Structure formats: structure tokens, C-alpha cells
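Okay, got some structures for you below.
Next come two complexes, and both contain chain A; in the first it sits with chain B, in the second with chain C.
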Partner chain A sequence: MRVLCVQGLQAGVGGSTISANLARMLLELNQKVLVFDLNPNNLLRLHFNMDWQNSVGWALNLTQKKLWCAAFECEHGISFLPFGQLTYQTHQRLIVEYLDDNKLHYQLNSLDLSPETWLILNISSDINLLNKQALALSNFILRVFEPSVANLSLLINSMQSNYIVNDAELSNKSFFVINKLIPHSELDHEMTLVFKNLLLNKLLPINIHFDESIKEAFAHKTTVNIHAPTSTAVREFRTLAIWLMSYFNRLEQP
Partner chain B sequence: MKYEKNDVNELYKSIGIKANSYIEIKENEAVIKIQRKWPLVEQIISFCKTPLENRQQGGI
Partner chain C sequence: MIATKKKKGVYSPIKTPLDVILLSIIFQPLVIQEWRNFKKILFNDRNQLFGTFAGLFIFIFMILFCHESQRENAAIFLKKCFPHINWITLSFADVIRFGLQSFWLMTIQTQTASAALSFDLKMILNIFNLITSFIFLPFTAISKGFGFVLTKIEKASENYQDKFDPKYYLLGIFFLSMVCLTVPFNISAQIAFIFMLWLVAMIARTITGNLPKLILISLSLTVSTRYLWWRYTSTLNIDSSVDIFFGVILICAETYTWLILLLGYFQTAWPLQRKPTPLPEDTTLWPSIDIFIPTYNEDLSIIKTTTLAALSMDWPEYKLHVYILDDGRRPEFGEFAKEVNAGYITRDNNRHAKAGNINQALVKTNGEYVAIFDCDHIPVRSFLQMTMGWFLRDKKLALIQTPHHFYSPDPFERNIGNFKKTPNENTLFYGVVQDGNDLWNASFFCGSCAILHRDRLLEVGGIAVETVTEDAHTALRLHRKGYTSAYINVVQAAGLATETLSAHIGQRIRWARGMAQIFRVDNPLLGKGLTIGQRLCYANAMIHFLGGIPRLIFLLAPLGFLYFHSYLIYAPTTEILLYALPVIVHSSIASSYMQGKYRYSFWAEIYETVLAWYIARPTTVALINPKIGTFNVTAKGGLIKDEFFDLTISKPYLFLIVLNLLGIGAAIYRYFLGPDNEHGTVFINFAWTAYNLLVLGGAISVAQETRQVRTQHRIEVDTIVSIRKKSGHLICAKMEDYSGSGLGLRIDSNVLNFERNEQVHILISRGNREFVFPARITNVNKGFLGVLFENFTKQQELDYIQCTYSRSDAWATWRTDFKQDKPLTSIKAIIGVGFHGYIVLARTLPKFITHPFLLLGMTIAFIRSLLPKNISDTPTTFDVR
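After this line comes the complex of A and B, so read on.
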């Protein structure tokens, strides 16, 4: 099983968007994919045509003492597990009563996925018990950020005090990708160069540019390869998917 | 003496510097200029270890 963890450097940089579009692109490249949403904002499902008022999800099932994996959804060949719409109180109860140090490990094992399956874990930007487990269980951590000065500040702070940096194993499998790069922005291009100089080979050689079709695809409750198959964004997500496939092929060679 | 496009790299090679060093040096110069251009970027970067130090400590 190829476990890929997607985490935004901060909320709103496009972690869920990258998870959804990457999943769909891997599927288009004949890969088996399951997307597991571990982000309480519960947005991933909306990229896969789930009704907004439908609150079903694995975390909600847990708190209602239902079978957590009964929340499986499937749309256009994509299997995904939504988080579920939880109130603040229910979320606190989930953390205290239902999550322990090995919960995610147990959940992933019980899924009994084939070795060639891609499991995409979409996690929030903060460090909590669930995210720590997801980071530890993944083979590859994709950290998403925007080429902004605010994200530079966050990155430097995280380099000096972050949970990931202090763990060599997590650090080795952690890579960065730039999202929402505005093609005509001087500052964005210059910041990209600064980030490249700072992150060296930890920065993926693919940037995802800001593209109206990505926003429009979400408004249509789908991913960009379905909404705008000829867009630049599709080409970029395809390149990202192929890069990840070749990375994992290299990793799995004896 | 006028050098053509690739002659700079040939010159570097002749004095034992790898061919793409020229590009790397130019890139570093550009980054320093950018950092000076935007005050907040310069201030943040001044608190950061160099990429080489990061690499020696096992990455980011």
C-alpha cells in the first residue's frame, strides 16, 4: 500500500484540493486509489459530488457507535471516506473517547488494501493525535504551501520548532509543493526562487499554478480533470501524479 | 575577451569548477537581491540557517 499524506502548511492553502485532484488523476492513470479524509473541516467530500447536507463520515459513525467504515462512498470510480460533519462538542468527544495512539493503524489494517493501492490521507495543518499517526504511517508526506511571505514565515518557524523537523524519519519522507502560484505575480515568482533556494531537493519540481478552473471545478462539486479536461491545471496535476508514481516505483525497487 | 554562451562553463571547467556552478552562483545572487528587495523576506531569512546547514542536519 502506497500511503501518501497531504498536509497544508496552513489552512486554506489547498491541501484538500490537491488530495482530491491528485486522487482523480491517479485513477485516470489506471491506479487504484482510496482517499481517507482525516481533516475535520470535511471539505474533501465536496470535490466528489457528495451532498453538502449529508453529514455522514467515519468520525461521525464512531461517535454514533456505528461501523466507521460503513461511511465509504464511491463516485466516478473514486473510493473515499469522508470525515463527517461534527459539532465542536462531538469532535471533542471523538478525541477523548474514541481515538487512541493506534486507532488509525488499526483502521488502515482492517481495510486490507492491496499493495498497489494508493491511500491518500488528507490531514489538517495542525499537529494532533490523528495527524501524528497519519504522518507516522505514511510513506510520503506532501506539504502544500503558497509562495507567500506569510508561508515563508510559517516555514521558517516550523523549521526551527516543528514536530516533523525534529524527527529524522518524518523529515526524510517529507516534501513540499507550491500551490496557487499566480503566473503574472512578480512577488510569487521571486518567492518561488527563495523557497527553491531554501528547500533545495525537498521542493518538488512541479508547481501548481493558480487556475480559475480549479475553483470552478469545486463549485461544480467535482475535480478539474472532469470539469476542464484541457486546462493547464490538469496538465500540472498529471505531471505531479506521474512524478509520485515514479518516486514510489524507485522506492519499491529491491 | 568575449565569451560565448557556453564558454563561461568551459572556463569554470578549466579551473576545476563543475559546469553548472555558474548557474548556481547566478541563482544565489538573484535570491540575495530578492531578499533585499522585500524587507520582511530579508528579516525572516536572516533568522534562518543556510540551506547547507539544513542539508547537513538531515533536511527540512
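After this line comes the complex of A and C, so read on.
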């Protein structure tokens, strides 16, 4: 099982979007993919054409004492596990009553996925019990950020002391990708160079540009390779997917 | 009433076509539907009696013998496999075409045909292959065996340590070859001899390596020397004064050709193929370099690109200085230089043109090295890093030259229409000759795209000013001082070729005159300081340009017999053929083997014929008095608004054509009215004249100047870029070509929402950086977009040049695209070019003369159209992936 964890440096940088698009692209490249939404925002489902009103999800099922693994499959054949729409109280109850240190591990085992399957874990940007487990269980952490001054500051702070940086194992397997690079913004290009110098080979060689097509695809409740197959974004996600595939191939070779 | 309505097409009743009715008698509706589809693709739904029934015949045949899955693509298959048949308007000649092509596909192009048919022909193919390999078995076996032995010898010779005295070997070889060359054979012995040599050559050319090359060279030299010996000893008719007069002229020309052949083999036998040497890690050890861009009357736009590219070369900034040397003294050039931080040097006179210009700048600057670029030669950013390593490695090095490469077609390429299909005239020199020179430490300076060591250059008095080819002369002086030179055969700069044939000829006249001048003023065979190899290489470069008169002699030689009944070669016909043909065959085998990718067989004939007349006089004059003649600047970057035939320049050729045509007439006259025992001689001279006419036709077809409307040449590339629309959408595109002002982009044909005059941004990445350029769409056509850049800032101009012209790999794939030479294909091409010349000529003549010729031409074209065609693969469409 290839476990890939996608986390934004801060909320709103596009972690869920990248998870969804990457999953779709891997599927297009004939990979088996399951997307597991661990983000309480529960946005991932919207990329896969799930009803707005449908609040079903694994966390909700857990609190309602139902069978938790209610996976959905959208029309283009992608399987995903939505988080579920939780109220504040149920969310608190979930944390207190249902989650423990090995919960996710147990859950993933019970899914019983084949070794060539990609499991994409979409987690929120903060550090909580669930996210800690996700980070520990994954083979690859993809950290998403914008080429903005705010993100630069966050990054520099986190490099001094941070949950991931402090753990050698975690920091080894974590990589960065730039999202929402505005093509005609000089500052963005400058910032990209700064990030390159800062992160060196930890920064993936692919930047995702700020593209109207990505926004539109989300508005159409789908991913960009279906909404605008000729856009640059598709090529970028494809390159990203292929990069990841070759990375994992190298990793898995004895 | 109804009839008129029908004519107007107000309504027409749906009529079932006859073929459908016929089919529906026998077959089910499903088949009828299939037939309709088939007809639609093949005939575009047009009904035509003969075509429809021919199609029907094929269709029924298919129904009976083909599987359903094969029938699906049958119509497309037919179109692909019979490219010369226009299915919509079939004629009876197409039956012949169909038959011949089917036979062709079944026997020769089996592989492609079965691929197109997706039909398994393996069994038939295997049998066919078995037969052919059985026939060639002894041949292949010998070739394999020889190859094995030769590689062993080559390996053994590499490890050979013992010193030996070459004198004895040379003496032995000399005696052996003297026997080989001088012993007279009777006809049957000569036949056996040339057959054996030919066999060895045919085997040797299938093996790659240096030893087979040397074998081919020695074979060619053997037969040509033998031929010359035979000519001198037994073909001069001393009894007739006319015969001896013409005979001596011809034999002189032949001796010249033999000498050039000999020197040419010497020069190109073993190209050095020097590789770049890495520079030290520490950039403070890198030397300082001045870059000179001399200009006289060229446009600022041309200088701009070159200067910006030179400024963006990868080299420590404080060690790189770019200077524009403006002999035109134009203030706007000075302003531009100031803007981009380049130096600007002028002088108050124009003495000694480019050489004087550079010498003047040498005084005013002080870098350790000087790189010189003609103002249209745009260097790539890696130029210095690829070359400078050798200066640090070889302490005696004074000069490094890199190839001149042209991204625009030269007049030959443009007027014949073989740009990028056939290696151009230039390619041989920079691909093989300079590399061969390099082995003898004799590669010389070509005026541009080169780096010189300043102190060493000043030691020989700067750039030489005594001749009009200052570059070669400077290199000669450096070599005389004991300095070395290097040639790195990696294209690191590209420029514009001359625009018109007259300009091209003007440039070559200058070279020829200059080389002849050096030969007189500073003869490389004489004087101090040169090795024997250098002497021979320089001598060949110079003597080569004296080829004008011999070439003219060959063009006129057969007329000596046809007009004056003079036996230039006083020998029986069979003997002439037995001695002369091997010379032609072996020299073309050897040159094809050696020059393969750089010069296709027989093209030299056309290149040299075009120049022959024009360089004949200046070289002779320069040899007599080297001081006469002025320097003329080669004009570049011009426009040719209308297609025109350059009559002035082709006058000498027209004259030669008329003479040769009269010769053909004389040949016919002599054949029918002359004595019977002369038929053989008449035939040889007739064939020679016909060949001369063909080559002259080639020269004429080059003089037909085709239109040249672009001011900026488009350079083909294959890079992925993005287009950013105003709306914020990014569209993926493939950059197909670029020029200084715009791009040609290929987009997925499903993307329709582009409009003319739409403002967009183009994103191009270079290395790990990305650049954005504002542009306007000027052309939208089915997946193709033409864009024009607008409002570039200075920085963007620089960035754009770095993304395009000065990319390190900008010209990397250019030469590798050429395939290995195939002499037979090449002959075909030459014949085509020669004929084209006469078509061009026919257009300018009055109708009553040309009519019979046109008729002849049409007949030939018709017969050609019947012949089978090669199936080419269909061009691949653009895929974003």
C-alpha cells in the first residue's frame, strides 16, 4: 500500500484540491486509488460530485455506531471515504470517545487494501491526534503551500521547531510543492526562487499554477482533468503523479 | 417544369444509386450500410461511374476474403496504400497504378503494407527474407568475417608499442603500388582487376570503422592513379596537333582533379572529433574574455539579438565584456549598447574592413581572450563553457573555432526546396573537413564563432589585412609561429545564410580570391614553421578554390570530339570505360562512406558548377597579381518580394547549355551519318554531354529565386509552453517555431475559444525558471496559433532570447536529423533538380519552342505517376500528453 499524506501549510492553500486532482490523475494512469478524507472540513467529497446535503462520512458513522467504512465511488470510478458533516458537539465527542492512538492504524488494516493501491490521506493543516497518526503511517508527506510571504514566514518558523521537523523520520519523507503560483506575478516568481534556495531538493520540481480552470472544476464538483483536459493544470498534475509514481517505484525497489 | 426545378435543385427525389440496387439484390442491408460508409470515405459520396464500379469490385472482393475487423478500416487503408490514386476522380490509368502498386506492396514494401493492413504476412515475408538472405549469404559472411578481422587489427594496433622505422614500410608500399598502378593489362585482365576491387569496396563499405575507410581510400586512389598513368602513357595522340592541344588541356584538368582527390582524402581520412574539456571548479581561475561583434551596415534588430545573447552567456559577469564594433558609426547603435551595458567602439576610417575593425578594437580592450561573432551569429549561453576548457589545457593554443550554422536556408536550399532535407554546402566543411584538419593541427579560423588568444594574436600583428580572407591568413600566421588551433564540432552559434544566389556567389568569389591571394603572398607549401600535414591541409583549402577552370573544361570537353572530331582521349571505347568508370564508382563509394551525413553524393557537382564560371577569373587574376580586387561585405537578412529568375547570373550557364545542346545535335548527326566504328566514341561523348546538361540544369534551377517574405526566420522547435488567457485560464500548448517577434503554437484542436487579436501571456520555462511574455494572437487555424509579442521590456527581451536562441540545446538536434547518404537516392534527387532547371527555363521562353518540350515533360510526368510509391507514415497529430 502506497500511503500518501497531503497537508497544507495553512488552511486554504489547496490541500484537498491537490488530493482530489492527484487521485484522479493516478486513476487515469491506471493506478488503484482510494482517497481518505481526514479533514473535518469535509471538502474533498465535493470534488467527486457528492451531494451537498449528503452528510454521510466515516466519522459520522463512527459516532452513530454504524459500520464506519462507507466508501463512495463517483461516476469516473474513484473510490473515496468522506469525513462526514459533523456538528461541533459530535466532533468533540468523536475526539474524546472514539479516537485513540491506534485508531487509524486499525482502520487502515481493516480496509485490507492490495499492496499496489494508492491511499491518499487528506489531512488538515493543524497537528491533532488524527493527523499525527496519518503522518506516522504514510510513506510520503506532500506539504502544499503558496509562494506568499505569509507561507515563507510559516515555513521559516516551522523549520526552527515543528512537529515534523523535530522527527527525523517524518522530515525525511516530507516534500513540498508550490500551489497557486500566479504566472504573471513577478513577486511569485521571486518567491519561488527563494523557496528553491531554502528547500533545495525537498521542493518538488513541479509548480501548480494558479489556474481559473481549477476553480471552475471545483465549482462543477469535479476535477480539472475532466472539466478542462487541455489546461496546463492537467499537465502539471500529470507530471506530479508521474513523479510520485517513479519516486515510489524507486522506494520499493530492494 | 419538373426538369427545370431539378436543375435549380429546389428539390430532388432521393434516388437509389445503381450500385446499391445491384448490391441489395445479393447482400443484406447490413452490408449495404457498410458499402455506403466505404463509399463515403473513399469517394466523398460523389458518384462516378467508373470509380464506383471499380470500388464496388474491390468491396465485393473484400466481403468475400477479409474479416470484418479488417473491413472497418479498409477505405483508409486503400487511401494510405495507394497515395497516388485520387479515388474521387478515377481514370483508366489508375488501373495500371493500382496493379503496379499492388505488385510493389506485395514484393518490396511488404513490411509497411502488412502494418497498414494490420494483416499478418509473416509467412510470406519469411519466405521472401529467406530467399534474399540466401542470395546474399556469401556476401554477408565475407563482410562479417572482414569486420571481425578488422576490429581485431584495430585493437591490436592500439596496443602496439614497438618502434619501427617507417622508411622501409613506405619503400615497400611504394614499390608494390608502382606495380599496381603501372602494369598494363589487357581488357579481360582489367575487367577481372576492377571487378575484384569493386567487390572489396562493396564489402568494406558495409563495415564501420577507420580501417575500412582507409581501405576504401586506397582502392579509390589505386584506380584513379592507375587511370591517370594510363592517360599519360597511352591516350595522347601525338600525331594530330588538334588532338594533342585539346588532349593536354583535358589531362591537366584531370591531373588537378586527381590532386584535389588525393589531398581531400589526406585531409578528411581521420577526423579528430575533439570533445570539450571541463573548466576548473573555481571560477576565479577562468580567464577574462572580450566579445567582439563587428558590424558595418546591418540592421539594429540583428545586432540586438546577437548582443543580448552574448551578454547572457554563462561566464562570471566581471570577466565578460561585449563590444559592438560599429564601422557604420550609427548613433542608435551606441545608444543601444549603453542601454544594455555593452561596449561600443568606432573608428574614423574603414580601412581593411572587418580585419581593420577588429584590430582597432584589440588596441582599445584588454581581455585575455577575444571571441568574435559576425553580427548575425547568435551564440548559445554555453558557448564559452564548451570551448574555453581547451585553452587552459593546451598552453600553446591560440585559436578555437566552432561550426558556422545557419538557421535560414541558403539560396541552394531555398531555391531547390531541400532545406533541412539534404545537408547544405556548408555542412561538409564544418562536419568533416575542419575536424580532419584538426588532426594535423591545421583547423583554421573562419572569421566568426571563434575564440582567439589576444597576446598570440597581437604577436602575429593582429588580424591579417593583406588578403580578403583575413581569417584563414591569420590562422596560417599563428600556425607558422608554432601555436596550435582547435576545432570543436558542436554547434554553439547560429546565423543567417546569404539570401540570394548572387550574394552567395559574391561571397564565394571573395573566398576564392582571398585563398588564391594567400597562395601567392604567403604560400603554405613554402616558408618556415609548418608541419607537412599543415602545409598539405592549407594547400588543399587554397587549391580547392582554383577548381573553376578545370570544371569548365569538363563541361566543354565532350564538345571537342562532337564539334571538331578531335580524340581527346585517344583510346578504344571499352578501354576508356574500363579505366574511367572505376574511378567514378570508387571515389563516390569512398566519399559517400566518409561524408555520409554531411554531404550527399553528387551534390558537389551542382555546388561547384554554379561557382565554376564566377571563381575562374578572380582566382586566375589573384594568382597573377594578388593586389587587385576589393573586399565586399556579404549582405544578409534581405527580402525577395517576388519570385524571379536571375537571368544575369545564369547567363554563362545558358551559354554552356546552348553549346551542349548543339553538342547533342552534333552527336546525333555523327551517330547516323558518321562512320560505324565511331559509334562507341559518339555514345560516350553523348552521355557526357547529357550529364553536363543535367548538372547545368541544376545550376539553372538554383538561379530561380523563390520568394522570401519573412523578415524574421522561424526556427522549428518542440517545447511545451502555456498560454494564459485574460480570463485566467492556462492552456497547454506546444511551441513549434519561434522567431524574434513571435511564436507558432500548436494546441489541442478541441480548444476553440481563441480569437484573433486576443491579448495573452505566454509562459516559457528555461532550466528551473519560468518567464512570462505578453503577446497578441494573430492567427487562429485549427489547432494552430500564431502569436506576436508586444510591449517587451528590456528585461523581457533578454529573457526571451535566453529562452529561445541562446538555449544551450537550441541547435543540438539539427545535424543528427540527416540520414546516412544513399548514392542512388541522391542521383534521383540530382536528376530531379536538373530537370527542374529546364522547366524553369521553359517558362521564360516563347511558347512555340517550349510546347514540344512541355509535351515531353508531361509524358514523362504521366509515366512517373504510374510508378509505385513509397508509403510514408502519416504525420502524427499533437497530443498534450
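Convention: the second predicted complex is superposed on the first by the 249 of 254 C-alpha atoms of A that agree within 3 Å, B and C clash if a C-alpha of one lies under 4 Å from a C-alpha of the other, contacts with A are read in each partner's own complex, and residues count from 1 in each chain.
Here is the rule we go by: a residue touches a chain if its C-beta (ideal position, glycine included) is under 8 Å from a C-beta of that chain, and two chains touch if they have at least 3 such contacts.
Computed from a predicted model, the values in this text were never measured in an experiment.
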{"item": "Which superposed partner A:R235 touches (first chain B, second chain C, both, neither)", "value": "second"}
{"item": "Touched partner set for A:H220, first chain B, second chain C, both or neither", "value": "neither"}
{"item": "First (chain B), second (chain C), both or neither touched by A:M191", "value": "first"}
{"item": "Partner chain(s) touched by A:K32 [first = chain B, second = chain C, both, neither]", "value": "neither"}
{"item": "Which of chain B and chain C A:K132 touches, first, second, both or neither", "value": "neither"}
{"item": "First (chain B), second (chain C), both or neither touched by A:L152", "value": "first"}
{"item": "Touched partner set for A:K202, first chain B, second chain C, both or neither", "value": "first"}
{"item": "Which of chain B and chain C A:N172 touches, first, second, both or neither", "value": "first"}
{"item": "Chain B/chain C common contact set on chain A", "value": "193"}
{"item": "Residues on chain C engaged by chain A in the complex (per definition of touch)", "value": "720, 722, 724, 727-732, 747-748, 750-751, 761, 763, 768-770, 772, 880-881"}
{"item": "Chain B partner contacts - residues on chain A that touch it in the complex", "value": "149, 152-153, 156, 159-160, 165, 168, 171-172, 174, 176, 187, 190-191, 193-194, 197-200, 202"}
{"item": "Footprint of chain C on chain A - complex, ascending", "value": "183-184, 189, 192-193, 196, 205, 207, 209-213, 228-235, 238"}
{"item": "Touching residues on chain B, where the partner in the complex is chain A", "value": "27-28, 30-31, 34-35, 37-38, 40-41, 44-45, 47-49, 51, 54-55, 58-60"}
